[in-house]
Amino acid sequence: MEAISPAELQPILDDIAHDMASATDRGEPAIYIPELGSVDPGQFGIALCLPGGETLQAGDATTPFSIQSISKVFTLAIALGRLGDSLWARVGREPSGLAFNSIVALEHNNGIPRNPFVNPGAIAVTDAILHGLQPRDVLAELLQFLRTAAEDDDIHIDKDVALSELAHAHRNIAMAEFMASHGNLQNPTALTIGTYCHQCAVDMTCVQLARAGRFLAGFANAPRLVSPSRVRRINALMLTCGHYDASGDFAYQVGLPGKSGVGGGILSIAPTRASIAVWSPGLNAQGNSKLGALAMERLAEATGWSVFG
Amino acid sequence: MEAISPAELQPILDDIAHDMASATDRGEPAIYIPELGSVDPGQFGIALCLPGGETLQAGDATTPFSIQSISKVFTLAIALGRLGDSLWARVGREPSGLAFNSIVALEHNNGIPRNPFVNPGAIAVTDAILHGLQPRDVLAELLQFLRTAAEDDDIHIDKDVALSELAHAHRNIAMAEFMASHGNLQNPTALTIGTYCHQCAVDMTCVQLARAGRFLAGFANAPRLVSPSRVRRINALMLTCGHYDASGDFAYQVGLPGKSGVGGGILSIAPTRASIAVWSPGLNAQGNSKLGALAMERLAEATGWSVFG
Amino acid sequence: MEAISPAELQPILDDIAHDMASATDRGEPAIYIPELGSVDPGQFGIALCLPGGETLQAGDATTPFSIQSISKVFTLAIALGRLGDSLWARVGREPSGLAFNSIVALEHNNGIPRNPFVNPGAIAVTDAILHGLQPRDVLAELLQFLRTAAEDDDIHIDKDVALSELAHAHRNIAMAEFMASHGNLQNPTALTIGTYCHQCAVDMTCVQLARAGRFLAGFANAPRLVSPSRVRRINALMLTCGHYDASGDFAYQVGLPGKSGVGGGILSIAPTRASIAVWSPGLNAQGNSKLGALAMERLAEATGWSVFG
Amino acid sequence: MEAISPAELQPILDDIAHDMASATDRGEPAIYIPELGSVDPGQFGIALCLPGGETLQAGDATTPFSIQSISKVFTLAIALGRLGDSLWARVGREPSGLAFNSIVALEHNNGIPRNPFVNPGAIAVTDAILHGLQPRDVLAELLQFLRTAAEDDDIHIDKDVALSELAHAHRNIAMAEFMASHGNLQNPTALTIGTYCHQCAVDMTCVQLARAGRFLAGFANAPRLVSPSRVRRINALMLTCGHYDASGDFAYQVGLPGKSGVGGGILSIAPTRASIAVWSPGLNAQGNSKLGALAMERLAEATGWSVFG
């Protein structure tokens, strides 16, 4: 992977943001949660944090958006820190080959979700963190983790989104109850799902998200929240499972670990080079940000960043 | 990823080979092809090629074994060279979430295999190369590719293994015919499967295989067979799909692209650092070399090599 | 189908009951609900109602047992009476090819259960009846239907079983929530599942159950609760779907419509000839009464009763 | 089931044929075999055989059509006569819950087809009959069975259809090879599939087919080809599995055992009352004759014939 100076990178970001601003085929925002469906699809933002401490940005990089499933990266980091490898008794580490909200794999695997980034897997992770605590404690811990990672205290949960999410949580409840039927849920479903819906409703900007991801890029001067060996493993999971059933394609086209959310955000890591956040609300058929994925392809091509050589 | 000198690496390999020699739980050799089932499971070999041109080895590194599905990496490289991205109209790039020989995904995807490394995907790749040629030409091209890559002409097909494979090819024929029913096969099934069975029956040693993999490690002084951008993409596919339904686990535990074969071999790439081949005939439940995977974990831990930081 | 006199039938029943009493391989009672698991597996009962008004019995035919899924026949009759064919917008009429509690089919069919006799289908039927009412009203209506059909007021819900069922209802709740996510549930999940768990917990004896089934046998002097055309259709569903993924086998071996429950009961109908109830708590691998199914085979063979000629 | 005189039945048939002649929504003929796709979809025929020996007809009842999967009923009868219950070690007796040509169930059941009326099941049945014989012998036996059953020697195989079928048999070959991989095929695939494609290509008229079905209706004066107990069991399989994934619906709407073919024919049995054949080439979404199924509903309603009371 090449080292590129901030001065070389800024025009690349500007070019990408410029082109994305005028893209006509932008995908459709997620509509299953009304609050997400009402976001203006014309927006696009990108932000980069570099090992030297610089933060670059272009487009709507300071507009807050709902990070949704990107939160799964942070709750996984917290859960591994709390439980260590015992977490893997409750959730697998394999790509699912199915949609993010498929319940089929749960039945085939006796209530063990395929990985921590499909919905049932993330619910199991949240359930593991919640054990012995109250939802408010877990959410406070997540916010503290995010604020420490981003070195920015202005990170909050959007309660309207959380409540809207909760009101449309039937499928996630179904998955939680299915896991419970196999003994793979430790808390009352309502508590776990309530916590999960709030964790997904964190609002962050691209700048905040890129800064929060620095601990995964191995920067010497970033807050060190997780051991290097665990960082590598979280990155591995993002690469193999971070984009649902389009994870293979993202690895092929972009070549970097990444995690997407239905709010249109993507957090992506170029180890030792950059922590990157992109955002555009319109989704493609696999539920990932259409322009976000395209922007990442453009960035990877322009920089030569890829974990694969 | 750390740079390590050959002098530091050799004792690591020796240690690994020593421990593997005395391992008692070695898995079971593949039995569905009689010739593979009769291999002595007590063997273990490892070889490494470094960017400076050195080749290190330990254990049974010069004993030939059947590369089986590792051949899929090389036929993919050939096919991408011949057809470019048009290949992807016939085969996907996503992990399957299923066993290497599952036909379920084929039905769900209308005859399009999930990726080039599950059996139906590799059959489609071979079929694509075969178009307009004779099986012998395709096999000659594969051998030439391997010999050039390894800079070693002593690489051959074991005809007994090929014929044994052909005699037990019902399931692969089923997949080929299923693809044919969806118009996703261009040659007569017998030709494609005949070619495929022979390509899997190439014999190589760990040393030969590690040398043949150098083109994927981006070494300046290795034969350049594929463009850097394509190298990255082949590595990406190996990482997400190279170990069937244990690909996520290999990425998590080892952190390097790799491709396994039921002969017990694994080819793994540490970009810019090393091309690695390990071999031990006993397989684990997912059909990958049990000691081979363990050896790769040991090597990755000892060297710090990982694409993920 | 042959006409057989009561005097000829009684020794047949006695023989069957005698042989079943000494059977050693009796299957295992359902254990997922503790109250069902504690039933003495040594019991066996059989009862028959004939068109002339006679009720024959043998074995433990007056011991109450939990009818469980047999209740689905009666709630279906009530739902069809209330909603008519509009019910079929919410539930299919096809055998599932899967276990009674599989959620896979629900995902493949967008939240529409395969038929009214798999768990999610029965939950949808109960949900349809419940619409606009309170659970107590629905349960009162069911008990009234059963009492009228059996001409016996001593039919009740076992509240301990109902509560135990509710405490282990995670999988049924999962199915209800999954249907809710597709808009195929009209009431709060807790109400529907609460009603469903109580409906399954009705206690009846073989004699009561055989009498309650007369309306499906088309007897002139039985309470007429459903039109002849609807009777035929309920019988059709019992034949194709009444024994979960062993329905085809029951049709092949016995040749009569039937509905089993995990309490070990089976209600079976020989149209114009007999309404039959058998009971033995031990289940076979498909979740149907092992001795109950065997007894029905014996009875069908001895009487020549079969809808198929 | 009611007894109805021939004089009452003829106007019912005439009415049905009249209405079907003018139906506008007729479905689409099967197109995967070119020869079937070119049949005029405007045709409709119906024929009935009664216990008194009468044969009634209306519409295009003497036009030959390709019986296709209806042949599976007759090969099943032959196989059961030859092998008895040992046949059931190779094929199940349960509805599949899937399309007629789905290979998914084969993988889930380790190469054992769900029932004798889905394609892989019928292929296994043909393979069982073929064991130790030549294809021509098996086909001669089938024709002899049909001619004896129909008391009509003018029943033949359309070789053009057979060859066209063979040229488009990839999916059936895939299923045969998949079964072979599980040891569930006794003959070379080419022989079994060759035989199967020819057996499906038998041409019969509605009159011939209704007459050939009399042995399943239990008529005293029809050729007795199969024991009464086996007749009941074949009828049971037709009812639960005879219309692929619309079997439940046919049982519900018509209430009689039946077997459809993609040529547009349906053979249906009203035990002791009638053997019925209908034909119209256009198919519905489940691959069954659209007007044929509709005609059977009309006939069942008009006559009150139903095995269910």
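As written, the chains take the letters A, B, C and D, and residue 1 is the first residue of each chain.
Keep in mind that, in the parts below, a residue touches a chain if its C-beta (ideal position, glycine included) is under 8 Å from a C-beta of that chain, and two chains touch if they have at least 3 such contacts.
Protein identities per chain, from UniProt: A, B, C, D = Glutaminase.
Quantities reported herein were computed from a predicted structural model and do not represent experimental measurements.
Here the chain-to-chain distance from chain B (Glutaminase) to chain C (Glutaminase), counted in touching steps, is 2.
Considering the contact criterion stated above, no chain is in touch with chain B (Glutaminase) and with chain D (Glutaminase) alike. For the pair chain C (Glutaminase) and chain D (Glutaminase), the distance between mean C-alpha positions equals 32 Å.
In terms of their C-alpha centroids, the spacing between chain A (Glutaminase) and chain D (Glutaminase) amounts to 54 Å. Taking each chain's centre as the average of its CA atoms, chain A (Glutaminase) and chain C (Glutaminase) sit 48 Å apart. In chain D (Glutaminase), no residue touches at least two other chains.
By the contact rule set out at the top, the touching chain pairs are A-B, A-C, B-D, C-D. The part of chain C (Glutaminase) that touches chain A (Glutaminase) in the complex is made up of residues 102-104, 106-108, 170-171, 173-178, 180-181, 189. Residue ranges of chain D (Glutaminase) in contact with chain C (Glutaminase), taken from their complex: 92-98, 105, 114-115, 216-218, 228, 231-233, 235-237, 239-241, 245-249, 251-252, 255, 257, 269, 271-272, 306-309.
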